[in-house]
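Chain nomenclature is as follows: A, B, C, D and E, assigned in order of appearance, with residue numbering initiated at 1 for each chain independently.
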Amino acid sequence: MMSLASYLIISLILFVVGIVVMIARKNIVAILLGIELILNAAALNFVAYSRYVTNNLDGHIFSLFIIVIAAAEAAVGLAIVIRFFQIKETIHIDEATQLRN
Amino acid sequence: MEYTVGSIAPIFLSPVIAFVINAFLGRKLPRQGDWLATLSIFISFIYSARIFGDFVFGNFATDFFIHKTFTWFDLNHAATIFKVDMGVYIDNMTAIMLLMVSGVAFLIHLFSTWYMDHDEKHGRFFVFLPLFTSAMLGLVLSDNLFSLFIFWEIMGFCSYSLIGIYNQKEKAGDASLKAFMTTRVGDVFLLLGIVALWMFLGSVNYVDIYAAIAEGKFAGQTVLGISFATFTALCIFLGAMGKSAQFPLHVWLPDAMMGPTPGSALIHAATMVTAGVWVSLRMYPLMVLGDITWFIAVVGAITAFGAATVATVQTDIKAVLAYSTLSQLGYMIMGVGVGSYNAAFMHLITHACFKACLFLSAGSIIHSVHEQEMPKLGGLRKYLPYTHFAMMACTLAIAGIPFFSGFVSKDRILGDALYYGFMSGQNPLLAIVPILGFAAAGLTAFYMFRMMFLTFYGENRTHDNHGHGHGHKDAHGHEAHGHEIHHEHLDVRQNVPLLILAVFTLGFWFCGTLTGQSFGKVFGAKTEWFKVLVEAPVVEKFVDHKREDFSRVDTREKTHLEHAHYHHQTGYAGPNPDEHKLHSAHTIGAIASIFIAFAGVFLAFLMYIKGSVKPWASKFPGITKTLENKYGFDEFYIDILIKKGLLGLNRGLAWIDMGIYDRYVVDGMAFVNRVLYKSAKWFDNVVVDAIGVDGTGVAVNLFNLVLRIVQSGKIQFYFIMLIMVLASYVWTLNI
Amino acid sequence: MFLQFLFISSAVLTVSCALGVLMVKNIMHSCVFLLGSLMGIAGLYATLGADFVAITQIMVYVGGVVILMLFAVMLTGGNDFVSRAQNLLGLPASMGNKWTYAIGLLVGVVFLLTNIQLIRGLTKALPVKTITNEFPSTVTQIGHLLVKDHVLAFEMSSVLLLGALVGAAIIARPRKQN
Amino acid sequence: MNQTVVSYLSQYEFYDFLLALFRNNQGVLAFTLYLLLALIIVGMCATIGGLGTYAERKISADLQARIGPNRVGPYGLLQMLADGVKMMTKEDIMPFTADKKLFYLAPLLCLTGVFATLAVLPFSSGFIMADLNVGIFYLVAISSLVGLGVFLGGYASNSKWSMLGGMRGASQIISYEIPVTISILAIVLLAGGMGFGTIVGRQGGLPHEWFMFHNPFAFIAFFVYSVGALAETNRAPFDLPEAESELVSGYHTEYTGMRFGFFALAEYIEVFVVCGVAASLFLGGYNVPGIKLDILPMQAAQFVIFMTKTLVLYYVVIWIRWTLPRLRVDQLMSVCWKYLTPIAIFNLMGCAIWMVVFNGKSIAELVLGSH
Amino acid sequence: MIPAQFDALMPIVIFMGLAILLFFGGHYLSVVLAPKKPSHLKSTPYECGELPVGSAWSMFNVRFYVVGLIFIIFDVESVLMFPVASIFRELNDMGQGGYALIIFLSFISVLIEGIAYCWKKGDLDWVKSFQHSHKKENK
């Protein structure tokens, strides 16, 4: 039961759910949640491959850096959301159609 | 004499460290850290001298070399597809060059501490100067074209900064921009050549390129319809042309006078401009293989002659020197082209010494008199005796007077050129190369002595605001009022660098025998050290080359690659040179060049000291005008290339955009839209109404729904599109 | 046995919480569901023997990212802000509506099928490796990899984080009210 | 290699006997043993938590020259039981504006976060439920659930006091996690491993073998850790989130009865855990001074040593609470970011340099000569 | 007889399970034992006796976010430092201490740069407006 395929399926489900969250939600923070899910699905794939396919830990390192980058992404993304809210007083994604102001 | 990282790295690293410290802490150091920069160059000099000593006086075989590498980065574990090695490659030529660069740079630094004293840009100047020097040293040390290119670009940036150091002056800014942009043209080609070599060989190490040439890997390879070797050689030489300011990319160098004079000395004498010659020499086997030596020779000859003609009418002392630099660089390139490998490199070294000295002397004059227009100078011999002495020695050298260094090297190039043009059975049109070369030699003697006579002899005109343009004797009775000119005293920082450099203008340093043979032969001797040590790379010996790890002590046999016999080798492409003809060519060339040089000096003497011959400017106003306009290259570039060409292209594109695209495509779309709109209206009126109100409502709603979602221009929509494109990609390609 | 229990419970937690993120209408609850999902992924890492990555997941996400997201939600007015924008049907559409969900599901299904296609191709090509139930410690190996093979990425990540810190601080810094 | 308490017990013969009893079913036996020991630890910690409230009152009374609880049982010892009964029988009130699901969830998060840390606490060399390779790192990571619980508790109540307390609590806990983590990093660097077995095993029983006195930087790191840990557990003088003079009762203003009890329990157990970690990392942990034997009775001695150190620290925590005044909120933040964090970072650098320069030897080893 | 290595994770799960059990058990006890007399006034949020005005879920100051931001960056950096720190002694024993030290210190120095930047820019000041005006008065 615990095989590469099961991990891949779980990560695939996560990925698809992340995509649906990104598309269905209109709240920017919720879209960031979807991005986190997608990133985690990718990281899970790396670790699963690292155990089941390759013989080294490069997959672990990669998922470690994915986590690092996800944290940086969340920090900057949320900062942008907050700034956006201060300007527009909403965090509706459809308001974010202009590149300035 | 074992080389590890510790004995090589300080050459390059100590100026870098000085740069870093000066860049960040320079303002807080006493004297803004100029002593630190000077000291760092001195350290480089010490280490370079050690290497030089080992190579010249040591027990190395004459073709011994050190090649140490380390892996810079390796992005591929298994297949070494993207692996970049860095390393050092030291042979005799590198050793000589290192000593020259670090020595001259040290003297220039020392001089600069005097020259830039109390200057507002003092600190900044001493930030860039060591970086510049370190880049040149790194360029000389590097063993591959890639790291060479890196240092090449660092130098480009530094020269940009040094030329434009007085950034409040608009002209300085323009000049720096010009230097940067013009050299960029060449750099693009150099990078292109490097990338082409990389793609072809998988490495840009000198030794790998040599080995590839020896193994005949280039045979039969073509790119864009021309031979691959020709293509890469041409690209690399175009890069060298940009850096060494060869025709037609020479326009930046005269304008580079805007910077402080010691900076000019460093750029024009020791470092930057010689980088192009250096890479030509390093890639000489490739040039030969690519059969572009005739092109190199012609470019060099044209530059040498053209710059010399322009120099005869310049009035700015630094401009004269700048054009003379151009001319001498032309000689070097010409030397490379005519197969005079040894002499071209020798001219590089000798020129570095006397041109640095000339520039420093000019700096000394300018700093003492605060004037650089020659018509406003004159009679400075009494006030600046040391400067006069140094400058006269250098002028003698550059003019090609016997027993001076310039004669030794230039004569040899001219002799080879003579052979190349007339006797080697080449295309007869190439006879233009020696003709232009000899003409330029005469002009060199003329304009250099013109400069000397106008500056140091005759009446002192420094107080006279109305310079008379040409240096004949003006109104009598003007005793020198040079009360603002102080007699120079022997100052360690002002004069001693000049005098040290002046010592090295003597010819016997370069054509003597430092390797133990007889001391007497001054020229023509075949065993002189320079000829023994410097020779064109023999590519065959690099076929099974082994490199060493950077940190490992050099444990190879010191004499493992010994040539049984040295013969005078010109190494140009074609059949073996006829020794007899060559010798006679050299003899003729030596006699001719001595004669021409003295003729030039004599003419200058007649014009500017005796005054018996009026300067010919009034006689040939058209030619003078052309020369004063520098053949109109600047105007050509600005008016034709940039204004007409580039802006014209812009206008054409704009016309296409507005005239065709806007008119037909956009308006056409509007028209189509109108038609659609009308048809939709018709459809609405006729069909939809006929079908019924409810149906219309539903249909329009649905249509709107789809359309609005698709046309929202929202982030999520793009995301959906991304996913869809990905999916379609996967499905269509059926991965 | 225990491992399989852990795997199943983690997988169920992961998937159900991910679906929770998708389903609930409250952004705060979404965040908490995301927390559950991330904890489940940490459990999955643990079943894969990636102890360090698992703990890193907990440390960074639970301790950092989720709290940051909750902060951001609070800073943007909590859950019950009213969007000025209206969706197609004239309703406030902060957390999506059935149309967006329909589109999302459509895209999701397309992506799912695409990926199944991809995975099917990949799994055939992959070498089969025998799996032992041994779980050697990964920490020292990761340390060696970070210091030796991936040292550039290690150092660069610090620079990346510095950049993120500076950039985000500049963006989020309260502006002076004049 | 992760050592566990079961793998420790399996050296002894009675383990085989137990295994036979469980029909050689390793997993079930391990599960049972773990469950039993976990129940023991939880019971012990709950008792200590309960006794903590009692001790706090008694000590505070002592410090303030009062008598303190003395009605229920001898010396009021049964006061904690009375408190517990009272909590259970209090009415469970939830504000109607509250976010009900999160209101339920918040204490659970706190409780889970704290309980999960108990799994790696080294009571003795054998009696450590799971000596993970990533022990201390795991502990730091999982205890961040507490901060989340505090924040969600404050949020879910939908009361102004709670909200402020929750925000303050979360930002305080995450802020102070940085100096604490970096101080721990210094110890990890000295020990050469993250597992508690490694860290404690590298120290000795006598004070000069402790990491606290390993080098000057570690000495400072101990104090940085102590201050940060106090703040992380919301203890005085860093009890801003529940400052009764400002915020009524902070994030648990709206919590009553059993749910409040869980918050309180989690807090007291967390204080215990933090003290235990400090004892293990800096004060030699369970090492018995001067004796190194590997027999079963030794475990009891080690346990006693560990508990002694931990409880002394626990006493100090209570003592500090009644001695120092509470900080202002801006002082709180500047203490963390402007003092503790830079100090901790420089300590870490100092420790790294010390490691390289003195080849990992402690001061005592340098002075007394290497053993 | 040593059980499978992986059972080291079992205690963690057990402790978490115990926490959940205790939680629900406690709730159950409270449901059984506690009185249940709800009233509207009782379940209003406590505001010192006043009737609550508005929701507590209002916007908060950005400084909370800035603190969280700095925290998460430092958190991630310390995560990356943990494995390096734990093999530091090993590397030192292998004679690569200098190398490890350079790697480690250069990593930390970037960390210091981050905190220095935030300090300089005043992101670490909790009460900014007060301090800024204070400085201006001093000038």
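Before moving on, here are some points about what is shown:
Quick note on the criterion: a contact is a pair of C-beta atoms (placed from the backbone, for glycine too) under 8 Å apart; a residue touches a chain by one contact, two chains touch by 3 or more.
Note that the structure is a prediction, hence the values are computed from the model and not measured.
Number of steps on the shortest path from chain D to chain E, with steps defined by chain touch: 1. Any chain that touches chain C and also touches chain D is listed here: E. Listed by label, the chains that touch chain A and also chain C are B, E.
Across the two interfaces under comparison, A-E and C-E, the one joined by more C-beta contacts turns out to be C-E. For chain C, the chain with the farthest CA centroid is B. Using mean Cα coordinates as chain centres, the one most removed from chain A is B. Distance between chain C and chain E, defined via averaged C-alpha coordinates, is recorded as 18 Å. The geometric centre of chain A is 51 Å away from that of chain B, both derived from CA atoms.
In whole angstrom, the spacing between the mean C-alpha positions of chain A and chain D is 33.
Averaged Cα coordinates give chain B a centre that lies 54 Å from the centre of chain C.
Multi-chain contact residues of chain D (touching two or more other chains) are listed as 1-2, 27, 31, 132, 137-138, 155, 167, 171, 174, 177, 193-194.
Residue positions 2-3, 49, 52, 56, 59-60, 63-65, 67-68, 71-72, 74-77, 103, 107, 111, 135, 138-139, 142, 146, 157, 161, 164-165, 168-169, 172 of chain C each touch two or more of the other chains. Across the assembly, chain A contributes residues 19, 22-23, 64, 67-68, 71-72, 74-75, 78-79, 82, 86, 94 that each touch 2 or more other chains. Across the assembly, chains come into contact as A-B, A-C, A-E, B-C, C-D, C-E, D-E. Taken together, the chain A residues at the contact with chain E in this complex read 64, 67-68, 71-72, 74-75, 78-79, 82, 86.
Put simply, chain C touches chain A in their complex at residues 3-4, 7, 11, 14-15, 18-19, 21-22, 27, 30-31, 34, 37-38, 41, 44-45, 47-50, 52-53, 56-57, 60-61, 64-65, 68-69, 71-73, 75-77, 81, 83-85, 87, 93-96, 100-101, 103-105, 107-109, 111-112, 115-116, 119, 123, 126-127, 129, 131, 138, 141-142, 145-146, 149-150, 153, 157, 160-161, 163-165, 167-169, 171-172, 175. On the side of chain B, the complex with chain A involves touching residues 712-716, 719-720, 723.
Residues of chain C touching chain E in their complex: 2-3, 6, 46, 49, 52, 56, 59-60, 63-65, 67-68, 71-72, 74-80, 133-135, 139-140, 142-144, 146-147, 151, 154-155, 157-159, 161-162, 164-166, 168-169, 172-174. Residue ranges of chain C in contact with chain B, taken from their complex: 88, 99, 103, 107, 110-111, 113-114, 117-118, 121, 152.
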